[in-house]
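Labels run A, B, C, D and E following the written order; every chain starts at residue 1.
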Amino acid sequence: MKVTIESLRSDILKDIADISGENVAECYQCGKCTAACPVNQAMDILPHQVLRLLQLGLVDEVMNSKTIWICASCFTCAGRCPRDVDLANVMEAVRVLLLRERGASRIKAEDMPEILRKGMPEQGIVSGFRKYAK
Amino acid sequence: MRYSYYPGCTLKTSAAVLEESALNAAKALGIELVEQEEWQCCGAVFPLATDEIASFLSSVRSLDAARSAGEKLVTICAACHHVIKRANHVIQSDGEVRDKVNNYLELDNYYSGQGEAIHYLEMLRDDLGFDKLAEQVKEPLTGRKIAAYYGCLLLRPAKVMQFDDAEDPSIMEDYLSALGATPVEYPYRTECCGVYLSVNNEEIAAGMVKKIINSARRSGAEAIVNACPLCHYNLLELQDKTPQGEPVLPVYYFTELLEEALGVKREVEEKTR
Amino acid sequence: MKNLQDTIREIAAQSLARGEVELVIGWEKGDLWWQSYPAFIEEEKEADRLIWDPLCVPNLSRYLLQELSEMDEKKIALFVKGCDALAFNQLLQDNRTVRERVVLYGIPCDGLVDPSKLEREGLDRDLQEVERDGEELVLKAAAGEEKRVPAKDYLYDKCLTCRYPNPVAYDQMLGETVPVEPEERFTGVRKLEELDYEDRFSYWAEQFSRCIRCFACRNVCPACSCIKCVFDLQEPRWLGKATEPSENAFYHIIRAYHVAGRCVDCGECSRVCPVDIPLQELNRKIILDINELYGEYDAGVDPEQEAPLITYKTDDPAAFTES
Amino acid sequence: MRRIGVFICWCGANIAGTVDIEKVVEESKKIPGVAYAGEYRYMCSEIGQDMIRDTIIEQNLDRVVVAACSPRMHEPTFRRAAESAGLNPYLVQMANIREHCSWVHKDEEEATRKAVALVRTAVAKASRSVELFSQEIPVERRALVLGGGIAGIQAALDIADAGYEVDLVEKSPTIGGRMAQLDKTFPTLDCSACILTPKMVDASSHPNINLFTWSEVEQVEGYVGNFTVTIRKKARFVDEEKCTGCGDCFEKCPSKVDSEFDEGLVQRKAIYVPFPQAVPNVPVIDKENCRWFVKEKCRVCEKVCEAEAVDLEQEDELLEKRYGAVVVATGFDVLGLEEFGEFNYGKHPDIITSLEFERLVNASGPTGGKLLRPSNQEPPRNVVFVQCVGSRDKSRGKPYCSKICCMYTAKHTVLLKEKYPQSQAYVFYIDVRTGGKDFEEFHRRAVEENDAIYLRGQVGKVFPEGDKLLVEGVDSLSGKTVQIEADMVVLAAAMVPRTDAPEIARLLTLGTDAHSFFTEAHPKLRPVETHSAGVFLAGACQGPKDIPEAVAQASGSASKALGILSKETLLSDPCVSKVDESLCTGCLMCIDVCPYHAITEKTIEEKVHGEVVKRVVAEVNEAVCQGCGACSVACRPGAMNVKGFSNEQILAEVDAVCL
Amino acid sequence: MSVAREEHNFEPLIVAFCCNWCSYAGGDLAGTSRMSYPPNARVIRVPCSSRVSPNFILRAFQRGADGVLVAGCHPGDCHYITGNYHARRRLSILRRFLGFMGVEPERFEVHWISASEGGKFAEVMTEMPEKIRALGPNRKLRDAR
């Protein structure tokens, strides 16, 4: 991988910082977030690696990961972080940027009948759409 | 005791039993929960992106209405409580957002976070008192081993929610004890159930649910209670089934047990649960 | 009233005759109808110069400052009204007088006449003497005419709010004590506080603009008893000599601050001001705040009590976040 | 006209990087009274100081302004430089254009403008400066050491060995402190007790050391060279003279409470000696838990004591003592872990802190050094150590590094392996910090020879699963999450100051940081001194430290204290109050506001209009006055003034700063 | 006037009396921590907040200060034991009195800043100019000559 001054100072990193309100430089990679994460086993990159990749300006690797869509915003990582970095906010910022810019909704209208058939409560449907579509 | 009450979408539809049992029990306890005249969906998830202010508006409207009525705002659904409480916190701590929201809403009085959002359980613990609750129990749930499932939304982030010790909570166990039941503590009681992952990542959510359910069962639980329609759905639908197709561990809303213990249990059609 | 004046003369003569004191300080009639001067009586036979009437306003305690140091070790008799006694106690607290060397004769005071109030209504024409008779003043003109008016309408404002008309310090009290029925004294302060900051400033700027730096307020004040005033120093030069608005304000603010917690609220500053600056309001504002923040305190009542600005409590409130 | 010299320091790029030095020099030359203005790269260097000295002489300067760093940093340096040129040191003023200017402002133009203003202000102050001279004050040649841990013991021994009397005051019943609780010490694995106990005995038998255990300082008055301290000697209820140390009393005592010394792993009696090697080896009755004091029944100890040493009527004693210097060595505590629910500490007996582990491996500990699982008294096989529990954690714990955990954990893995060669240690760490002599080598030994597995990452959750503890963590180096079934989990909880540190700070007017560690006078150059003259710091009360550092600082403190005790008199700071008797009105309000009782009244005679009169004025005892200036503001006529911070100087500063 | 005084581009001048032991040291810490704050305030070092005479404060206003700050150790932490307790009374009375004279209270602030509170020092140094900027230049008590 190539780390360059351009990638370290890219606009998208600034957007992530602005939208999330978090400074990824505060992370010292102790891994507490990963250790605490209840869905870590399903992730392709681990929570602390998300922060590390962002520290190195490797935004694409984060954006193309499964991890950001697996994060359930359960805030366990945020509550235990010794550096007060709210990783849930960072994950959300990356998701939001993708959804806004590429319009790449993860749920489509045609999925609805199946979701409704399962008896999913309204809260689940709304939150799913809020998290996965724009 | 009189409160403004915010129901939320799900309690009016698929989780009707949660609302009905909560209101029924409140009535029995002499607590008046007055449904707000105009409420809108809270948005179900709190907007973590700092630039999504529009999602606060319905919360602030309800908070402001409760403040004007001079009442605390009670919610029963964990998700609604989470969103409203956090929205209030943002209004209290972020002047810029506060101004924007006020400009948009054009309320009679500037709203700066004076309203107080509490969850039904907090109402029982802090305003009524679990000791007073215990006194009103007519049919104690003696001998029933119940696991409390907290999930995420009530507890975290702890600095904002201030619901209980986020790592080692006790409010639901104390609640169960007040009802006469034997609370079962198990390691995964504060772990996430997968929430909306069940919409399109069902497998992952199922793995999370099984961890929770099996941990509770291994600790001797006969049933599990929760306070969130989505947790309820996940815990019920995604857990293992007996050969007869029954869930291996029954799942209840916390208020259902309350009704029962207070001796005001209604006959409920199974499918509304 | 005449009775009390006779008593005063009698006592003055006696104490000089017996050698109890070598000087008696009282009041004597001035050149004009409204004037009374401090009288320094050293001979028994001069005691008849002394008077007592509702115009005996000068505060005699302050004259001790100079008399005591000049008459080393000698004793002085002093007549004190309520406000004079407070002043005496304040001087005592400030180590500016010696209790043992002073014999205090207390005079209960039912208020003094403000000549300007009589002048305003033209009642001063041909006036020679003013006497108090119960709730009335008897105005005696040169031609022997007498006119009676309600006393209350013609007393000094400061007397209407007086809380200690009966002396708090005396060796012997002359006459009957008078009832204490003060009007609210902070009305003026509160009224000014209703103004916004700009209007308050304009108000005071206008008042101070009249100040001619005559120092009468300082010279009459029983709490302003320094041997050399800080404003008279050449080095460091705290304050210029010009009557420039900011310097005038500086002077009055610091003077009020210097008497903070020590002002006995006698109102002499306002009375003597030749340009009628309501100086007493400045002192009263500070009294009000001290009372509110650090507990009620009346300077001059008990010389043993610690003044509020030289003590503290660890949990004192602060006024640093108020706006 | 004054001849003021202005010397402007670049401080390398620290000042020159933001402030246009040339411009400041140029502007300084325009200030009335300035006869010379120059600059140099490092004014505090020898060359810089020489430049000041030489310029004073060459230019015949009568006042000096140095625009550089904070006067709290280098004022003494530049005063000395001026003195070497024959100028009174108090004619030097500093303009702080570094901490208060170049370091906090980014814009060069703004910073330069402010620097010029600060120089102008300092020039104004300097031009009103006058020569000041110190006074001699007598020294009480005895020392007080607060805290009887290894730092306090060392400080006391050093001072006593130099021939001065020391009172060593310890809050608990015995000296020894934290070191007495430890088993071995890193990286040499010396037995802690073996090296500590002789020192404890030395301290108790030294003719110059008076031991006051079970005692606390209640009040401190005075100033360097002359402190008056009230010590509360708490009732021990056992006569130290009569007690033979037989131990019958605590054998028979019926009340049990958790042992502080054993970190609550076992219980002690209400009458107890914390540990067998305690000094003094005299029991003490803990009133809160003694049946007699709680229920007025029992007195068993009294009955069984053949020496008749138990005295239940004993009362606290208040002793007033005088000292010339004080060494504070109050030590540390371990952070409470209530906020860290994910570790389940306190909910399972096999989840312990490192200090508890220390007791468990200790031969004098509750298991006789056998290291058994508290839950079932079986040897552990898998032991998980978690580093940084509450350290480096600004969210729920403390933001600082506790410094000693990396090393004692390495030690613990080695001790574990020594006891049970079949066992396995796992260490979750964020960074391993081994800055110290032989530290890195020791850590490598733990990994390479003792098979400790170091996992780089934190633990998310610890919970009981069957009779094991399930540990869920991460190893960030492999990028894998890790589950370990452990028999014991050891948490390296953060080091914090003693809970009464703020109270001690108040008594001695010490500064503390945000965590209540005492603040040293300068982080680099005055590491054992405090801002309270005559009070020195030793050990972990000042910040996390290991034993050799605590001992070194103790000896440093002792030598600083000796620097005071070795003199019969001290030179006072001349920047204190003085009275202008001609202005003093004698109201004596200054006496009421003086915190040091430094002002008294006196009667003077003076001529007024040809007559001699007496009057009262205030008088300042310059040795006692500390120069706060509270009196100067209480003084209406301006008779009371503070030398070095005089009315003239401050007014000149105000005028100049507003120009 | 070294700070821009024009109405349209008004930069307030603040005179800050800081006690040597706490607030001045807190200012030093803000510096060593490389915090950043605007240059409006100029510090005059005094031994203790109890050394700050109302005369100094008035003099500052007279000579053109737009605001005056007094900063000392937190009550209870005074290096001179009780100095700031006296300052608290004196300056509370003065602050109200200046308000009575028509001077906006925002122009005279008192803060307790310990030696370890570099952050607070920087915060006060940032916030006070902002408040005063909103009020505009001070003309009250100012020597117009």
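Keep in mind that, in the parts below, contacts are C-beta pairs under 8 Å (C-beta built on N, C-alpha and C of every residue); 3 or more make two chains touch, one makes a residue touch a chain.
Note that the structure is predicted; figures quoted are calculated from it, not measured.
A.B. asks: To get from subunit B to subunit E along touching chains, fewest steps?
C.D. replies: 2
A.B. asks: Comparing C-E against C-D, which pair counts more contacting C-beta pairs?
C.D. replies: C-E
A.B. asks: Which chain has its C-alpha centroid farthest away from the centroid of subunit C?
C.D. replies: Using the mean of the C-alpha atoms as each chain's centre, the farthest one from subunit C is A.
A.B. asks: Starting from the mean Cα coordinates of subunit C and subunit E, work out the distance between those two points in Å.
C.D. replies: Averaging C-alpha atoms per chain gives centres 37 Å apart.
A.B. asks: On a C-alpha centroid basis, what's the spacing between subunit A and subunit D, in Å?
C.D. replies: Chain centres of subunit A and subunit D, defined by C-alpha means, are spaced 45 Å apart.
A.B. asks: So the centre of each chain is just the mean of its C-alpha atoms; given that, what is the distance between subunit A and subunit B in Å?
C.D. replies: Using C-alpha averages as centres, the distance is 25 Å.
A.B. asks: Quick one: subunit D and subunit E, Cα centre-to-centre, how many Å?
C.D. replies: 30
A.B. asks: Can you list the subunit D residues in contact with two or more other chains?
C.D. replies: Within subunit D, the residues that touch at least two other chains are 342, 461, 593, 634, 647, 651.
A.B. asks: Residue numbers in subunit B touching 2 or more other chains?
C.D. replies: 166-167
A.B. asks: Could you tell me which residues belong to subunit C and also touch two or more other chains?
C.D. replies: As it turns out, subunit C has residues touching two or more other chains at 238, 309-310.
A.B. asks: Spell out all pairs of chains that touch, sorted by label.
C.D. replies: A-B, A-D, B-D, C-D, C-E, D-E
A.B. asks: Could you pull out which subunit B residues touch subunit D in their complex?
C.D. replies: Interface residues on the subunit B side: 165-168, 187.
A.B. asks: Under the stated contact criterion, what part of subunit D meets subunit C in this complex?
C.D. replies: Those in contact with subunit C are residues 582-589, 592-593, 608-609, 611, 613-616, 634, 636-638, 647-648, 651.
A.B. asks: Enumerate the contact residues on subunit A facing subunit D in the complex.
C.D. replies: 28-32, 34-37, 40-41, 46, 48-49, 76, 80-84
A.B. asks: Using the touch definition up top, name the residues of subunit D that touch subunit B in the complex.
C.D. replies: Residue list for subunit D touching subunit B: 339-342, 344, 347, 461, 463-465, 470.
A.B. asks: Touching subunit E in the complex: which residues of subunit D?
C.D. replies: 70-73, 96, 98-101, 103-107, 110-111, 113-114, 116-118, 121, 505-506, 509, 511-514, 519, 531-532, 575, 593, 595-596, 626-630, 632-634, 642, 645, 647, 650-651, 653-655, 657-659
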